[in-house]
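What follows is a set of structures to go through.
Next come two complexes, and both contain chain A; in the first it sits with chain B, in the second with chain C.
Let's look at the complex of A and B:
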């Protein structure tokens, strides 16, 4: 069962991202959006945790990166940036969705 | 005539995810009309408020980041950004807006409003205030 996890809270303010990362199984995906996108900023304490997680695909919502002034040159490698259509595709491609609020 | 008080507005939230950042900015601009000694601190996720290059058209929200540039015109000249908070979030001073004010004592020379301070320095700054509204 491939699961899509979504996180929309800042990794520095809540533990949603940490908890999600420690529960996500290999083969699952994590989509970061709204304040969740701050987890992919290169050099941040949160992005180091992503780089240690293996077998989990990481996605970030482009419009939320752009709104917050986070350029694609500022994010870690291995992250796929998607738009709203890509968000919908991810939902349909996975068996279930878990929202980490 | 009431005494001038020292106000430090402490900003700890990222923009857009919650309404705190925008509300704080509005309160600061309203408060600036009252001739008090106003300064702003950006710590924790608040440092994200000052990120440059914010473009919000695709999320359908108002980009209020250009308003920070108007603070100098409202006599808000002291903006403290905590170094540790920036570093923990993978940001450098180059990632932030360049905010300035005109110094009337020095022939309106343009000066930087943002001062990068350590956590210890900021705790001293907080300690010197009369009023500390926190957002």
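Let's look at the complex of A and C:
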């Protein structure tokens, strides 16, 4: 049962990202979009937590990175940047979707 | 694949209405079927045609109406959430003795059962919200 988790709030605003990380099982994926993308900015306290989530694939929505002036060189390694089409593919490729609101 | 979408946040609040719209457009472009878009909580505010955003800004409600017209999208507004927030169609306005209705083109008011039905009849349910 591969699950896609989505997080749309900044880890510095809500604890949805932390909740998501502690529930995501190996083999599942996390898509960060809207303010959620701040979790993968290099050097932030939140990005360090991602490295502990082993076996979980991390994705970030490119248009939302761009809208916030964050270049792909400013995010941590191991994160796959996708567009809205990629978002749709992630939804269909996983068995279910959990939106952490 | 059959996809249902739920929107729990009003337009111009944060970004959820825009994200849901872009997601749906991308899904349609990829040949997926959007079985229903269900608007709940403050999301029902997407369905008023009385919003007048500045001319250089996007009109989110109009975007929904146009997308619905083009692709036959079923845009459903939760009746209880809508009544609380003053979103009315002609029937609801008459029933409650209000002077007019404000539901936008392509939207219809119905119950929470429509969300459950969409969840059952779709392969995935994607939630956008606050």
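The working rule: the second predicted complex is superposed on the first by the 101 of 101 C-alpha atoms of A that agree within 3 Å, B and C clash if a C-alpha of one lies under 4 Å from a C-alpha of the other, contacts with A are read in each partner's own complex, and residues count from 1 in each chain.
Note that contacts are C-beta pairs under 8 Å (C-beta built on N, C-alpha and C of every residue); 3 or more make two chains touch, one makes a residue touch a chain.
Nothing here was measured: the structure is a model prediction, and the numbers come from that model.
Shared-chain residue A:17: touches no atom of chain B or chain C.
Once the two complexes are overlaid on the shared chain, A:74 sits against chain B while remaining clear of chain C.
Once chain A of one complex is fitted onto chain A of the other, the partner contacts of A:34 extend to both chain B and chain C.
Partner contacting the larger number of chain A residues, of chain B and chain C: B. Residue contacts after overlaying the shared chain place A:63 against chain B and chain C alike. In the superposed model, A:44 lies in contact with chain B only, and not with chain C. Contacts of A:8 after superposition: both chain B and chain C are touched. In the superposed model, A:92 lies in contact with chain C only, and not with chain B. Annotation: chain A residues 8, 34-35, 63-64, 83 touch chain B in one complex and chain C in the other.
Listed in rising order, the residues of chain A touching chain C in the complex are 6, 8, 33-35, 63-64, 83-85, 87-89, 91-92, 96-97, 99, 101. Chain A contributes residues 8-10, 12-13, 34-35, 38, 41-45, 47, 62-64, 66-71, 74, 83 to its touches with chain B in the complex. Here chain C touches chain A in the complex through residues 1, 3, 8, 14-16, 19, 22-23, 25-27, 29-30, 32, 123-130, going by the rule given at the top.
Across the complex, chain B meets chain A through its residues 13-17, 44-45, 48, 51-56, 58-59, 61, 63, 65, 87-91, 95.
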